[in-house]
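The structure appears below as structure tokens.
Just so it is clear, A, B, C and D label the chains in written order, and each chain counts residues from 1 on its own.
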Amino acid sequence: MEIKHDIFPSERIIAYSDAIFAIALTLLMLEIKIPESGPTEKNDLFRSLLLNWPSYISFLISFLIISVIWFNHHTMFHYIRYVNHPLMLINTLLMLNVVVIPFCAALLGRYAAEGNRNSMIASLVYGSWITLGGIPFNWLWGYALKHDNLLAEGIMKKELFNIKRHFIRGPFLYLQCTLLALINSWASICGFTVLIILYFLPASLWAKKGCIT
Amino acid sequence: MEIKHDIFPSERIIAYSDAIFAIALTLLMLEIKIPESGPTEKNDLFRSLLLNWPSYISFLISFLIISVIWFNHHTMFHYIRYVNHPLMLINTLLMLNVVVIPFCAALLGRYAAEGNRNSMIASLVYGSWITLGGIPFNWLWGYALKHDNLLAEGIMKKELFNIKRHFIRGPFLYLQCTLLALINSWASICGFTVLIILYFLPASLWAKKGCIT
Amino acid sequence: MEIKHDIFPSERIIAYSDAIFAIALTLLMLEIKIPESGPTEKNDLFRSLLLNWPSYISFLISFLIISVIWFNHHTMFHYIRYVNHPLMLINTLLMLNVVVIPFCAALLGRYAAEGNRNSMIASLVYGSWITLGGIPFNWLWGYALKHDNLLAEGIMKKELFNIKRHFIRGPFLYLQCTLLALINSWASICGFTVLIILYFLPASLWAKKGCIT
Amino acid sequence: MEIKHDIFPSERIIAYSDAIFAIALTLLMLEIKIPESGPTEKNDLFRSLLLNWPSYISFLISFLIISVIWFNHHTMFHYIRYVNHPLMLINTLLMLNVVVIPFCAALLGRYAAEGNRNSMIASLVYGSWITLGGIPFNWLWGYALKHDNLLAEGIMKKELFNIKRHFIRGPFLYLQCTLLALINSWASICGFTVLIILYFLPASLWAKKGCIT
């Protein structure tokens, strides 16, 4: 096999990205602290755990969002077989987005339930960051579609453009959920919850019908 | 090789799951804090370490439980060679279960020794979460068995159904150990300890006789 | 395939290094704590987040530096197909450098904005550590170039020496940025920022022209 | 390829172990906290960093010890091509040893410099744990040597028994360093330092002469 100097097999960038996804997923849980029982709060572990509910919701949404990003990354690299430096750069920006999600999730979990201006700020920061993630994501796929030498051979381009149309809607839907936070932070969180469930379920239904993502 | 749009090779989901398993295993240890010596507690590091014993037991059980889940995941994906979207979704739910185990382990380690209602709650939360993990686990294997196109070619289905029968008992045994916590939290912990050792040892003995776990 | 006893395929050292890179990248974010709102500081989450800006800058530079090291590690192991014990030892020293970067980043983020002697010390420690990383890095590539049996077959050595010339400049540029901290810690941080952006962008431009980073 | 039900290819257990090694290595650093500057301690970041020296030494020794374990694991699985359940079980015990090392390292770093009974206890715990790691380690290699069906074909058994002789000395040397802690905790730490450097350097020298570690 001849060695190329400007494009590389995609195996290693996939393994590297997978490790980053896996760690980000697991660190989400690290942000949830177990309740510390003080001397005056005997017998209330159940209540302490329940009072932590905003953290659990934030954890759950973030877990599913990172999983969806991984699903889509998985789909993209099913077709991308080679990477060049610009694509590695764009993937780095996507990874930058992913590793910051646990921070945003911790912020949301900590402040979502306060019901004051801080809740709105936490929701806006969270939603904006998720929305921003759409930029490197769509950039990556758009770049790959324009470089045939990076793609697997013998694929129907039409299918890939269908995926592109599907991907490009994501950030706009996320933006709408983010803007809901200006009205009420819970409206925003509910929006994300509904969106992520819709995203997940049809994916499985569509796959059954033989369509992608 | 023709590229399929609805099923994917299983390599990547395996690597991704392995990373999540490995991180969850390692984070278990992060939850155990080293004793801080204050000015008035000179010379008692040994006692401080010993007093931490519920954490060590919780760590050990959880380490073995995650290892058993990994063993079984390893067995399942020995036969599953392709994944589709529903299977990836079910695997995501299994991973959700795994990443929360370190939180439950920390909870158990912190409260198991108090001997009050909090101990019971911690044991119930821990046991319930482990038991719940049986749902995506058995769902995953059940789904795979119904989709021949995901399985390796030339395997005897009868063997796979034996594995299924073996897997399906797990959650029921875990549930019994969980319910023991209603009587006494240590009864529950001992139940899990015995169960996990039984799970581990026969696995190695059976393998010697040429059977599958 | 005959099994060699003194050289090993590079797959495993690559996977191992990738995992270390990925974890170091993700731990960078763990060092940034979310603001804790006390009772007297209502409504100032936005300000608290903004006040944390030195941490974000330190995170961003460190994320990009680790990514650049990964890019270059990726380039080197595109050509290195076998490893022997000395090469594994040198790679271990490189990994030692990488895993300590999150500590240095936390130090810089914590002290950069104080504007006193501590800022200078934090910048010097940070810069020195990044500069030191150049030693195992260039050692690794230099060692590989001298051992043809470790390299892929059929590569033009001239290209590899071009890469060497490119790599060797890195530590000297980093050293200059580090020394800037003796004048002002922000001058040093700006230097690193400019350097890392220059490093990143041309990489993508050069790749377009068919040259290697 | 026929699918076997009782032995599995070793790829996945290698990837899984690598991830655990990589995380344990990186978590070592998490245990070192950056100094917090209080209002009365201006301008002493340099001194605070220096005062932390026992943590750095503990980190460094532990980093090198985990690296040596990885090196040897790498060597073993260069020859082990298939795994069965007992071998997976023994590997799990080895991983259990590895993930607890960061805890022991934190303990040593925190208490080594106190120079009292706590230092001795910390050194004894650290040394004992490292020594104990020799059990699953040698068990793993011994088990593999007795099962030809797990090993790569066409290897000279004599070489493998040389490796065994080399491995078996490890725990005894570690034990001696551990017992030194009964005299003085620094004697023990120095012993480990010398041992680990000797372990590392000859490995590279021997490899040059064509022998295996």
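We adopt the following convention: contacts are C-beta pairs under 8 Å (C-beta built on N, C-alpha and C of every residue); 3 or more make two chains touch, one makes a residue touch a chain.
Model, not experiment: these values are computed from the prediction.
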Label of the chain whose CA centroid is most distant from the centroid of chain C: B
Same-residue or different-residue interface between chain B and chain D, half as cut-off: different
Geometric centre distance via CA averages, chain C-chain B, whole Å: 35
Centre distance in Å when chain C and chain D are each reduced to the mean of their C-alpha atoms: 25
Residues of chain A engaged with two or more neighbouring chains: 15, 19, 23, 30
Touching residues on chain A, where the partner in the complex is chain C: 2-3, 5-6, 8, 12-13, 15-16, 19-20, 23-24, 27, 30, 84-86, 88-89, 92, 95-96, 99-100, 102-103, 106-107, 110-111, 114, 116-118, 121-122, 125
Sites on chain A touched by chain B in the complex: 14-15, 18-19, 21-23, 25-26, 28-30, 32, 34, 37, 42-43, 45-46, 49, 63-64, 67, 70-71, 74, 77-79, 152, 154-155, 159, 200, 203-204, 206-208, 210-213
